[in-house]
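First chain A sits with chain B, and in the next complex the same chain sits with chain C.
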Partner chain A sequence: MKSTSALIDVADLSVRYARGELPVLRDVSFSMDPGESIALVGDSGCGKSTLALTMMRLLPADAMVRGSIVLGERGGSGPIDILGTDERTMQSVRGKRIAMVFQNPIGSLDPVMRVGDQILEVILAGRKSARSATRSKALQLLERVGIADPSRLARAWPHELSGGMAQRVTLAMALAGEPELLIADEPTSALDGNVQAQIVELICECRRDSGLSLLLITHDMAVADALASRVCVMNENRIVDDLPIEAANASNRHAATRRLVEAAASKRQKVAATMDGGR
Partner chain B sequence: MTHHEVASRDDSEPVRIRVSDLHVSFADRSRRWFGSSLGASPRIQAVKGIDLSIRKGECLGLVGESGCGKSTLARAIMRLTPVERGTIALDGRTLESKATRQRVQMVFQNAHSSMNPRMTVEAIVSDPLRFDDRCEKSERADRVSKVLCVVGLDDHLRRRYPHELSGGQLQRVAIARALVLDPDVLICDEPVSALDVTAQVEILAQLKEIQRERSLTMLFITHDLDVAYSICDRLAVMYLGRVVETGSVSQIARQPRHPYTFFLNSASQRLQHDSPILGGEPPSPQNPPNGCAFHPRCPIATDRCRSQSPELVTPEGQPISQAAACHHSDRVVQLQKLTTTNQF
Partner chain C sequence: MTAMNHSNSILAFDRSLAIDERSWLTRGALVTAALFVSVALFAPLLAWHQPIVCKYQGTYHFPAVADTFSRIPLVGGWIQKSKPFRFPSFDARTALDSDTFALWPPIAYGPSEMIAGANLPASGAHMLGTDDRGRDVLARLIHGTRVSVRVGVYSMLLAGLVGIIIGGAAGFYGGAVDWICSRLIEIMMCFPAFFLILVVMVWIGNGVTGVILVIGLTQWTSIARLVRAEFISARELDYVDAARSYGATGSYIAIRHLLPGALAPTLVVLTFGVADAILLEAGLSWLGLGVGSEMATWGGMLRDAYDQIRTHPGLMVAPCVAIFLSVLCCHIMGERLRRSLDPRNSYGRSVA
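Moving on, here comes the complex of A and B:
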């Protein structure tokens, strides 16, 4: 029997796309405690985004899904069976209980709606608050993700954003709903070191202040290190390793884990060598 | 001191791409967003006065903060964004006619929105071949296979549509499409940021090989200094629409002469060590600071910096290949000491 105190529990999940020959996820199981922070890492194409989309129930309708995903109870409402429940319940889950930063940020924004209005929509959904208070909250969120001129960006259309700005806007939108769980699919892949550090700091703050749980998909082991306490390694459609992040360096891990750790380390060494050469 | 343009020292090869005094700005057309009326808003100056040249077979890296104008510069070179002022030349001739433009290809930052969702991978990659008279119809499939192999995309994905691919797979398709015409100039906007480290290393090695084999000229945009250091010959560092420093990879990595470059270097190490990190707010392109645009965040700024905008020049005693736009470039070396003794 699974512990009922889990925030979310994924059990024996298998997914196959209609146009794919093979399953993209095979018997994936893991569970997250409230407030926990997990990094999901693995090679390109191993199924990370698919897992994230399944947890939001956003897969294409013809995808075949087996297994179960249970979102833990909260304040009076019982546990929710994500794969089985009706669409209305899911709409109350998305953005409010589980929010997601998509890997393709521009694609996840509505092209014909101003950035500010899109954030407002998330803040207002299901809540009653004064429009003016909401507006300043939206601007404040943009500022917190390191946007230089929030009022210009609020008025802008999505196509007017730079790549890194779009990524930060979608993070601001996800945080606007004050979710319990943030699923962030490569949330810093377009950001330079300084801005990345600022985003990492912001997410840490949310975790401290409101107990935000985080499922972080990333290929950047340094970001995983900074944000997560546990790491799940995926390889060929399965989770092959699930361990505290400090243990990822140990030598007795799965080959896929070792490869990821080594690749990251060798990249680090190369840069250090380029920079140190002349000092 | 000599006035400087971002140019290579290796004079043996001809200049392939030359950008002179390039300006790009956008109108802030949007009406007010409820309540926040700003009156007539000034234009957004995304690129202001960039001079750079890339020699045949060279890879110039373009780095800088998110929103500093890197993609805008690239899109202007591709003539996808109207140029306000300045010129762009390929082999000494204005880059205009369609014939010369085919020699320049680009990998876009957002692979998804640069692809027709109704075309399969195969169709997307072979589409540019329509413009190649030398390529017979019967050869097309062959060329597509070859280039898909170069970027490491599994053959069984050829019949997929863009939305049926993972982020990394789609990125490989974008690179394949740009390479299929065998261009002379390749502009890459964050080509590997969606890939895991192993795949990054693979693709970069492939690009490097193609570059050497065919003397491909590259403009390589990346936010990842590690990537820049591994593939580029020279770097240009941008800040708020301008080039603030340029030099060879080893010069930029070891002896930065602009404070912003110094912080860029230290930020790339930041999550591992406790390196000094750049504080302050990024500036707004609509309302840039007076004098040196970096002064509000610069730990060594003086009164002169607040009133006078520095030009991109070679610092005294430096090889001509390096240039910085900083009044106090000789003091940048002190930043390391200052920051390690926690003065900031």
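Moving on, here comes the complex of A and C:
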């Protein structure tokens, strides 16, 4: 295991399922510096979400993983080899060093637990603190993700929330453990356009406040543009381009990159056209 | 516009149906069930061969009260009946003079007391008459409730515990554990339950504890299968992945996230199971293999009545009505629970 100053270093990562014929990830390498924000873009099924789950070591038991993922040192503890370490260490990494926001915000909440209780559970996990102090921290978190009336929302059930509200709540839960790295797996794909913009804005704010690193998984170059400084393009289970966001628009790029950029541009034109037509 | 009106009217009809059901049928079932449970808890205060309160040789005694509370688990051991009333040979009825103070239960006869003539018709003294051995039918009915409620509740608590542990382990761990637990469930289900229970009862002999154990340890399979299915389907849901991504441990997820989701449908099955257990116990007692003939039970009353069904058919009525009402109550409550425990409060979701 090499020591590194990077926040997280993924090297030659390959994943394949025992049942499947083809690998779902092939020789993926990239590294993130502390505070950096990277967009991982690519078509559906190109392995973006698998990469995220591998970084959290949340893959199903029959997944065969090769390569290495090293989480940088923090506060005296040495670098952690994510793929090699024991489950107990991983439990202390998940939520507290790497947190994740999922694509389906309402599905990410336990339907039979009140929203406030779920946030409390995350705060309490692995920590012994006074219940009342925890409660006020939960309300603070909800306020931080832009919820106007936190104490009322804390009493709500997940099915009473809109998609945007639920995504704010899951973001609050992800931030509860004060992680260094937030993996956001298509955080806006299940939301409608207006709410998408609000969530993007909110993630921007959180990053500004806490120096959080962000690994944003998306197929929408517009969202990537707004949130990331660097973009990794995935195509057919490998990373084909890794470049600053401004350079993604240049013409001498991989075909997959060009396709995504063009798709985003044509979407912008379409939206503009419809808006003009409406006037 | 017409289409909208149409759908509205269906919705309104649906709602009124639900409210209607909540108002009288469910309430009736709840009240009846509460009645059964209170009768079971306070049986000696309603029908007993010793008074609730009496003055005997200068001191006050509370024999029926002591008999009521001495059967409460844990604390009951501290309660002792006062001296002469404790002895089986002591007959309070003859020992107490008519002019000494004594408050008797509304039905002043014990369930096994043979005091009056046999097969008396209903009268002021014996509201439901007496049976072939001169025992008060209402007193036997009241004390039979005690056995039925105890068997129904305790056996289902046991079945629920076993079912949740085995089904939960199968659903949560999967793989080899699931295989073993599932085969165990299937083996248990292969036996015709009633005959298995019969054989075991012949082997271990009569007794309430025996009946509870046997019913509890044979009726857990449907609960185990339900809990297993709930765990497996919930395990694949996004919020379990999300919980793991916040650093939750496996056992924590099983208890905090998977179990609460499985508990609601389990409670529904358990409520129906209480009805089955009451029926099973009545069936066993009818065959003379249940609780034993020294205790009054509904099934035992039916068996005694059956012997003289041609001469005194009226004796069948009281235990039949009691069994029918208790089973009906459990089913109505189970159905109501099934609907109301769904957090989304939809009418569609059904439990096997």
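Everything that follows uses one rule, which is that the second predicted complex is superposed on the first by the 247 of 279 C-alpha atoms of A that agree within 3 Å, B and C clash if a C-alpha of one lies under 4 Å from a C-alpha of the other, contacts with A are read in each partner's own complex, and residues count from 1 in each chain.
Here, a residue touches a chain if its C-beta (ideal position, glycine included) is under 8 Å from a C-beta of that chain, and two chains touch if they have at least 3 such contacts.
Every value quoted in this text rests on a predicted model; they were computed, and no experiment measured them.
In the superposition on chain A, A:Glu21 contacts chain B only, with no contact to chain C. Of the two partner chains placed by the overlay, only chain C lies in contact with A:Val122; chain B stays clear of it.
In the superposition on chain A, A:Ala263 contacts chain B only, with no contact to chain C.
Look at A:Met165: by the touch rule set out above, it reaches chain B but stays clear of chain C. Shared-chain residue A:Val112: touches chain C; no touch with chain B.
Contact with both chain B and chain C is seen for A:Asn104 once the two complexes are overlaid on the shared chain. In the superposition on chain A, the chain among chain B and chain C reaching more residues of chain A is B. Within the superposed three-chain model, A:Arg94 lies in touch with chain C and out of touch with chain B [touch as defined at top]. When both complexes are overlaid on chain A, the residue A:Val200 reaches chain B alone and has no touch with chain C.
Once the two complexes are laid over each other on the shared chain, residue contacts for A:Trp157 go to chain B and to chain C alike.
When the two complexes are laid over each other on chain A, chain A has residues 104, 107, 157 in contact with both chain B and chain C. Of all residues in chain B, only 26, 28, 30-36, 38, 41, 44, 63-67, 70-71, 109-110, 112-113, 156, 160, 164, 166-169, 189-190, 193-201, 223-226, 229-230, 249-250, 253-255, 263-265, 267-272, 277-278, 281-287 touch chain A in the complex they form. By the touch criterion given at the top, residues 53, 56, 58, 91-96, 99-100, 102, 104, 107-113, 121-122, 125-126, 157, 159, 170, 173-174, 176-177 of chain A touch chain C in their complex.
Across the complex, chain C meets chain A through its residues 237-239, 241-249, 252, 256-257, 260-261, 264, 343-344. By the touch criterion stated above, chain A contacts chain B in their complex at residues 17, 19-21, 42-45, 49, 103-104, 106-107, 114, 116-117, 131-132, 135, 146, 148-149, 151-152, 154-157, 160, 162-166, 168, 186, 189-197, 200, 219, 221-223, 225-226, 259-260, 263-264, 267-268, 270-272, 274-279.
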